[in-house]
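Have a look at the structure that comes next, please.
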Amino acid sequence: MIEAESAPIQGEHKEVLLDIAEVSLAFGGVQALSDVSFDIYKGEIRAIIGPNGAGKSSMLNVINGFYHPQKGTIKYKEEVRKKMSPHKAASQGISRTFQNIALFKGMTTLDNIMTGRILKMRRGLLWQALYWGPARNEEIINREIAEQVIDFLEIEAIRKTPVGKLPYGLQKRVELGRALAAKPDLLLLDEPMAGMNVEEKEDMCRFIIDVNEEFGTTIALIEHDMGVVMDLSDRVVVLNYGRKIADGTPDQVRANQGVIDAYLGVSHSN
Amino acid sequence: MLYRETGQFKISYAADQSVFPIAQDRWFVSLIIVIAIFVIPVLASEYLLQAVMIPLLIFSLAAIGLNLLVGYAGQLSLGTGGFMAVGAYMTYKLTTAFPDINIIIVFLLAGLIAAFVGLIFGIPSLRIKGFYLAVATLASQFFLLWMFNKVAWFYNYNSSGTITAPPREMFGVVITGPMASAETRYLVTLFIVIIFAFIAKNLVRGRLGRSWMAVRDMDIAAEIIGIRPFQTKLIAFAVSSFYCGLAGAMMVFLWLGSAETEAFSINESFNVLFMIIIGGLGSILGSFLGATFIVGLPIFLTNAPQLVGLSMPIDMQKHIEIMMFGSLIIFFLIVEPHGLARLLQILKEKLRLWPFPY
Amino acid sequence: MEIISFLNLVFVNPLVEIFSYPIFFAEVVISGLLTGVMYSLVALGFVLIFKASGVFNFAQGAMVLFAALNLVGFIEQGFPIWLALLLTIIVMIILAFLIERFMLRHLINQEDIILFMATIGLTFLLQGFGETLWGSNVKPLDLGIPNQSFEVAGLLLNEFDLFAAGSGAILVGVLAVFFHYTRIGRALRAVADDHQAAMAVGIPLKTIWIIVWSVAGFVGLVAGIMWGAKSGVQFSLSLIALKALPVLILGGFTSVPGAIVGGLIIGVGEKIAEIYWRPLVGGAIENWFAYVLALAFLLFRPQGLFGERIIERV
């Protein structure tokens, strides 16, 4: 058993956006997460890494309220939250992308990105039925925001294309667009670069950095490409078999013996 | 050369989001509406209006309703007939109890009641999906018809168990009942259908439509981006049932004149489902095309043998008709599983390039 | 007062009746079980096809009618019963072949709902074809099984019902053996799990489909014989498909034991409701009661009788 290295507190006083304390999650007999604790500072890029089956996606699912941990507390924006629905999480400014693209395949790029604005639209059924007055204005205002996202991600040309017809790399980009359209405070990215070629990866990295720097969005990402992780992230947390085995800056994590073992599969005799 | 959008630039998002962004489409639809309003009532015979045009319009409305639920929100329902019956029986109850209320308002009220009933029968969609839900909606079909059949209050305790359209006027013209002319009933139907077709279009191109499609395409992702799937599905059930209820009310009061529960049997549910599949799932226009196909096909099949000079016993002909209907449905599904709306789209793309092949 | 008498009708009177005449109650349950076997038989046809091809075959009811019509037709033509049976089985196999050749093959990879609608089309086609061929009047089907009642330990039982239940049970047993211990059965289960993977390891999908639709046709024939002998072969036979659907949502579309147990539950529940709660609802509830029963059950256990709890992943 390896002692988890405690996260180093960097000199400056950072504001904690999300604080996860001793979270455990099990499905039946399978322990997906056990006593995981880490925090995410406002404005940083935080990577969650680990071998397959380490519980990374489960961790994201816990953060955005899709899974409910059996144990532990989660503090988001200075508020300890109780059992929370994904809807509530989304309305508090958490949005995410998925490991296997979860776009709405039958809809166009534009409509997909517009779904990211749904929580910001309030007009009732009757106004929508008339598509006039406030409802129409609301559509147009949100369309403008969606168009800004489209512009930012350079996907103008595929605006009206059904996403089911797009190549994989573009779909990933549209999915990021949908998450961005909500103007999130915390953006969760689940393997945003999986299955991409080098060029697409570079594009995606650029977008992630731009989002972080231009909008100040806090980002938590899961990624297997170590080069990308080390370059992008401010801090990295490493999970293995549902436990945290390391936490720190990329350099610290890279040097951690436990992490190396977890990835190379060295067996330890207790 | 006739049909292309070249040169039609949108300078505002409003223009880009309009129902028919391409001018030719706009003209074409306007032309059809003008013909439907001004030309058809003058030229068409009583038979054509009564046997073709009125049912076509009414079933189009029901098909739009079901398409909102199945095509847009992705909730397969086989209970259409039941919801149509709610509209019809509630209209009957309301208009016999309050004869002074304008019949159109009664239609809408009955639609609202149908919407409420639809909401209740949509509750299982919280827990079950797909074919399980489809079978569950059959419960509404059977239960509602049984209730309208069994509880005499719904048909005012009359001995025949049928509901009959009483004469009701609007602006001094009789629009329901045996005295109403086919032209009047046709025009009233047409106006209601046009208005509600546009409302449906508005709903599906706005926030609600996007929520429906999101739930349809991937409900978990929809939930995570902040759509409440259950609420969204329930609204779909309610809106869809409103349309079906309205169509059911119009079916009895503007078309048939009187009806028993038999008129809303499961076969009607299947027919409306055929309309949206053949017309095109997730297409308002497709609902009209599908209704035209399904209303027209039996008429064609009934008359076809005479046209080619064939004569056979009545019941034999009925069986062959059913058989042909079934085969044509299968044939059509094989040839164009995405429906007439897709066919139209392909046609448009061809037209865009015409007269050049590429 | 109204409410009291209503509550009486719902909770008190039926229970009083059940406990004061336990023998009669046992008879009700047994007759419900026997009807349930028949529901199971029809549901089984659905499950077989859904498992192997993912098609919700609405035409199963029409196949029951079609098989029974053919059988009766052949008997009317003067064939002995065994030959008529054999001919009908051959007809059902040919039918399965035609369905694969002209329908399923062209609809591979279409959405489920398209396939479902196609089977509704098939329902019309089979109904129309069967009746064009053999006419639409009610035909009696006499198998020579005495339809008499006899008493065992104070219980009144019907010989024919027992025969039907017995053959149903045998059929189910044979099918279970077929699916678990033969090569074709294994291939079938592989196809049910994953079409593409099955094709990749060299299982001929088309042959499997023909086999499974033939088996479903055969199951339909057995169901057709049972129901036909009971109430005559007529159009309404195809409507028993509607009775089997609640069994499906109760037992699960893919579970053979689910279809059997579900059928029994629905059969018994329906009989009990019909006999003891009749005064409350005024009869003719058989059209919808099974659905409400299945729905109520699903609200508490959405995965059905034998389904496993699904953990949703993203």
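Lettered A, B and C in written order, each chain numbered from 1.
The criterion applied here is as follows: a residue touches a chain if its C-beta (ideal position, glycine included) is under 8 Å from a C-beta of that chain, and two chains touch if they have at least 3 such contacts.
Since the model is a prediction, treat every value here as computed from it, not as a measurement.
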Handout entry: Mutual neighbours - chains that touch chain A and chain C alike
Key = B
Fill in the blank from the handout: Of all chains shown, smallest offset between own Cα centre and global Cα centre goes to B
Completion exercise
Relative to chain C, the most remote chain by C-alpha centroid is chain A
Fill in the blank from the handout: dist(centroid_CA(chain A), centroid_CA(chain C)) in Å evaluates to 48
Exercise for the section: Could you give the separation in Å between the centres of chain A and chain B, each centre being the mean of its C-alpha atoms? Expected result: 42
Problem - Approximate Å spacing (C-alpha centroids) for the pair chain B, chain C - result: 32
Handout entry: chain C, residues touching no fewer than two other chains
Key = 314
Exercise for the section: Specify, in ascending order, the residues of chain A that touch 2 or more different other chains. Expected result: 66, 98, 102
Fill in the blank from the handout: Shared-interface residues of chain B (touching two or more other chains) are 220-221, 224
Exercise for the section: Can you check the complex and tell me which residues of chain B touch chain A? Expected result: 12-14, 17, 199, 202-203, 205-208, 210-211, 213-214, 216-218, 220-228, 235, 239, 282
Practice task
Mind listing the chain A positions that touch chain B in their complex?
Solution key: 64, 66, 86-87, 89-91, 95-96, 98, 102-107, 111, 114-116, 118-119, 121, 123, 125, 128-131, 135-136, 138-140, 143-144, 147, 178-179, 182
Completion exercise
In the complex, the residues of chain C that touch chain B are 56, 102-103, 106-107, 110-114, 116-118, 120-129, 131-132, 136, 242, 245-246, 248-249, 253, 281-282, 284-285, 287-288, 291-292, 294-295, 298-299, 302, 304, 312, 314
Exercise for the section: Provide the residue numbers of chain B that touch chain C in the complex, in ascending order. Expected result: 70, 76, 124, 127-128, 130-132, 134-136, 138-139, 142-143, 145-146, 149-150, 220-221, 224, 266, 270, 273-274, 277, 281, 315-316, 319-330, 333-334, 337
